[in-house]
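Have a look at the structure below before the remarks.
Here the chain labels run A, B, C and D in written order, and each chain numbers its own residues starting at 1.
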Amino acid sequence: MNSFGEKFRVQIYGESHGLGVGIIIDGIPPGIPIHVADFEHDLSRRRSGHMGTTTRVESDVPEFMSGVFKHFSTGAPINIFFRNSDVRSQDYEDTNLLPRPGHADFVAHRKFLGYNDYRGGGHFSGRLTAAIVGAGIVAKKLLHPIKIEANLSEIGGHKNFEDILALTIQKNDSIGGLVNCQVLGIPIGWGEPFFNSIESMISHLVFSIPAVKGIEFGSGFGAAKMFGSEHNDEIISMDGTTRTNYSGGINGGISNGNTISFNVSIKPTSSISKPQSTIDLKTGNINSLEIKGRHDVCIALRAPVVIEAMTAIALADLKLGYEI
Amino acid sequence: MNSFGEKFRVQIYGESHGLGVGIIIDGIPPGIPIHVADFEHDLSRRRSGHMGTTTRVESDVPEFMSGVFKHFSTGAPINIFFRNSDVRSQDYEDTNLLPRPGHADFVAHRKFLGYNDYRGGGHFSGRLTAAIVGAGIVAKKLLHPIKIEANLSEIGGHKNFEDILALTIQKNDSIGGLVNCQVLGIPIGWGEPFFNSIESMISHLVFSIPAVKGIEFGSGFGAAKMFGSEHNDEIISMDGTTRTNYSGGINGGISNGNTISFNVSIKPTSSISKPQSTIDLKTGNINSLEIKGRHDVCIALRAPVVIEAMTAIALADLKLGYEI
Amino acid sequence: MNSFGEKFRVQIYGESHGLGVGIIIDGIPPGIPIHVADFEHDLSRRRSGHMGTTTRVESDVPEFMSGVFKHFSTGAPINIFFRNSDVRSQDYEDTNLLPRPGHADFVAHRKFLGYNDYRGGGHFSGRLTAAIVGAGIVAKKLLHPIKIEANLSEIGGHKNFEDILALTIQKNDSIGGLVNCQVLGIPIGWGEPFFNSIESMISHLVFSIPAVKGIEFGSGFGAAKMFGSEHNDEIISMDGTTRTNYSGGINGGISNGNTISFNVSIKPTSSISKPQSTIDLKTGNINSLEIKGRHDVCIALRAPVVIEAMTAIALADLKLGYEI
Amino acid sequence: MNSFGEKFRVQIYGESHGLGVGIIIDGIPPGIPIHVADFEHDLSRRRSGHMGTTTRVESDVPEFMSGVFKHFSTGAPINIFFRNSDVRSQDYEDTNLLPRPGHADFVAHRKFLGYNDYRGGGHFSGRLTAAIVGAGIVAKKLLHPIKIEANLSEIGGHKNFEDILALTIQKNDSIGGLVNCQVLGIPIGWGEPFFNSIESMISHLVFSIPAVKGIEFGSGFGAAKMFGSEHNDEIISMDGTTRTNYSGGINGGISNGNTISFNVSIKPTSSISKPQSTIDLKTGNINSLEIKGRHDVCIALRAPVVIEAMTAIALADLKLGYEI
């Protein structure tokens, strides 16, 4: 199932080298202003064109196929479509039978019995995150004045990125990164104890972003090394303010009024120009594969706005569907 | 919503100091053998009574309220009930208006407008994990011969636990821990690209376990520091076997035939005997709170079987509902 | 799946001759008063003991297994259980292999591979409507001051029932009936165009009541014979009041502010004392079957309160989950 | 929510006078052949152009926006789009504030606070049934060799339609009709007792077709007048064949192996050229309205293929998601 949410429901579709990618948002109240210009800022953050990103550059102009009338949401499903234009499918003909290490090629081939659109990863492509960012922009409008801010905090373990990026490019390699995301101004009481905790909803969506390997809220993996007397956040005000924020703004799966904070680990881009071994699905032989095509050196550079979008989708669903 | 799953659907209910806790499993095929004795092993792993665990000991005998006939599943919903017996509610009368730091008391009071059953955390209590373990046992039967094995790997950062546990008890404190979980023998092709990746499904459920602060699959947070040439798992056989397993057995959200491996960070038990500051919800004053009641020194000791259960529930849903 | 609803979600469980039947209601806001006494009126309407109803009489006292604390809903799932007491299972041992005509015995045996609890129809029994009435009572509380009123309008085609009932009893036969249900005071705007129209939601649930064969809203089957100039309801006031109400209070699947009205056809009770032919599932021979056990002469007598309950559940879900 | 289904999930979108209408089908297995030509037959049955149907004629060529590669389903979501072309929106500018009797104009205006796309009924338009027929064609492929056949059985109460149609056209009026639908070759065991009976699933979808007022399965409303000894279908063979078929092929919500049969009542087209009274939403005055635009005299003429499509969608979901 390529959908998520009970009330703010998103249904994603499309392929990297097909007609385009898109998303339907169902459950949007009427009267939300929707203009193409509102989408430019976040889409440009996701778009490539900077050092360390692919040279495939899509214009990413959203087409509203339904649900928008006279520049407002109507209450009917909004279908946002991003047409593919800068497509060089011939780069990918090889990957059909030579699955790229780290990619979904092998599992897609097996799961879908060879019928999958393998060009550029097809439906598994990072290209689909354009649609996610589109839905995130609408979700952020709903969540106003709550603020969601994700930023890259490390690349390859370094907080200052330039040298490590340059080195990676020079080596024809790729590199991982770490993103921190904060949600400011969220009211007390969102989330459900079992099984729709805020962490459950956010992690569910964040782990659907290609390349995500881990997520931690508040103290995260540090909590495993701490004593309770250190970790407990003492409550110091009737509005729920705590002295520390090891909980990351969430107790029992419910927002406690403090800032929600979480970290996301992004693996290095799987596509690298170096030769790698893989299996030939036709012959069963191990072959050497050099990946052509245009790729990001560090996909984490483009991840923060996608993580914001997923967080916004999770919270919009909690807001509309579960708020009491 | 206190339910999860499309096909293997669980609906949890109950409170720590009410009549009991339970879970309904809907979607179970007929003909699965169900005996009380099958539940003993996993329930005893969750149960307390060892060093570092609470002195509240429940017998945890499952009652099958429906869906089981002549010791087999009938195909109708199975309702598994665990009656509460060893209840000392008077310990908790205070917590109604003096929310315990690190607990859900404050958010529950606010979200449910003061109507929540606050005794022992009510519906937010770790007591409900008995029901989850119960459902996990049924899920494991469905998944046979797939094996799910979770083990405690660290307490307080130590791989040898005894000294740190003894120290923590002596200090009237509590301590966090780390659990590793492995899924062996899972076929290729389970999981969905958007939005029901295997990581999405497992993390959704694992983050509904009280005290979980982080989860990482395969290389996890280490991936953020790695080069692509290190991280990519080369495919060396037609059955999908890879030379390394940084992916943790999953590509594009889909099982790739290798062992699934993930780590979970568990925070220290929030209930500690040391005095802590909190707000008095009646007066608005900051008060000192000494938590009475019986508590675990290290809740991570009891977590592995709960993590196994949640993993089994996620995979049973993928098996029944999504497998093609 | 034995659940329904997005926001006011019900999960039914139990069997006719097992421990009992019950229902979990998830999504109930906190602070709704819940007393056993509130359930007496509707449960007594469903209960047998009158002319034309079975001599099996259950006391039907609801047990609140969870979600109720100090006589109020807590916001956690409410599990309402009705213990079985007046059970004579030996009456049903035969039906395992001699499926009763008109009943679900044959399909249950085949669908569940012989593992189904066949005693008294097991999970298919009308006994489960006690749980539905229980959930309906809670739903009605949520819908206040909307009124839902169902009444028997015909038995065997007669508006005056006594003679036809007496005749049917005398013939050891059973008889069908017609129920009309009205919803008064529903606001404008509930329901969704595709696919959760009010008619869709109500019919979905009403067709899960055993013995229902048809449903029609407003003009219903009469509409197939009408001209548009007769059928169209002219709008005569800003509050949506129409001159006629052929639409049955619904346009485009959405409530229009007028009274919702629909009819439900109930077939004659399938269990009759007369000998009937059926197949012997063991031998394949056609056998004559005389049904023992205690049965209703006209199940439609007990149906109105069940139809009210289903209507209330559908509308409570629309109110909580979809209202804007 | 404009979606339906657990496993064969459809998400509809679009408006009568916007860019077009469409539907996403999620859950389709890979390898189903999908050609434009496969859609022609059913779409032409829905299309107008015959006596008694509107003069708006759309070409209805499906565009596969995603999920189809080299003429096969890939396993990813299939987005089928029907572009609008023959649009005369100026006909509808009036209807924004003069709601047409029998239409959804009034409720749409109120529910969506005036933001709805009112042109031609917008998202409520019968135009969306093109998308439903599209999804139905895919569903029928999945259900092969099960056959679903719906036919018009009466118009205005007449089994011979020509005279009554001519009369209605002459009177500038519209007229209702009755459709019978049969499902042949369905295996035993589809459907769920609570709450996804076959009748529940089919009626849920059929009542989302504009103009449907009633549905009855097997004996339907006749059952309310029958004795049990007449109504019970005696089982005469191990494959479940019954002597009669008053049950309409379903017992306890489950298919019993016999032909499923149901009737659907369709109201007369709401748009008629005769003057009608309605409220002016701006002034509150009662005005006379003459509806311009192009309309069907008898919408029931075009309904059978839409009813088939909805039935196919319901059964495809039961097949993929619930079958055991």
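Quick notes on this one:
What we mean here is this: a residue touches a chain if its C-beta (ideal position, glycine included) is under 8 Å from a C-beta of that chain, and two chains touch if they have at least 3 such contacts.
Everything numeric in this text was worked out from a predicted model, so none of it was measured.
Identification of common neighbours of chain A and chain C yields B, D. Using the average of C-alpha coordinates as each chain's centre, A ends up farthest from chain C.
For the pairs A-D and C-D, the larger set of C-beta contacts lies at C-D.
Rounded to a whole number, the gap between the C-alpha centres of chain B and chain D is 45 angstrom. Centroid to centroid, with C-alpha atoms defining each point, chain C and chain D lie 26 Å apart. Between the Cα centres of chain A and chain D there is a gap of 37 Å. Across the assembly, chain C contributes residues 1-3, 6-7, 12, 30, 75-76, 111, 123, 193, 324 that each touch 2 or more other chains.
Chain D makes touch with chain C in their complex at residues 1-4, 6, 10, 12, 99, 101-104, 106-108, 110-111, 121, 123-124, 128, 154, 156-157, 168, 171, 173-178, 188-189, 192-197, 199-201, 203-205, 207-208, 210, 212-238, 240, 242-243, 246-248, 251-256, 263, 265-272, 274, 276-279, 281, 284, 286, 300, 322, 324.
Of all residues in chain B, those touching chain C in their complex are 1-3, 7, 9, 11-15, 18-22, 24, 26-27, 30-31, 65-67, 69, 72-79, 81, 111-117, 122-123.
Those residues of chain A that touch chain C in the shared complex are 6-7, 29-30, 75-76, 193, 321, 324.
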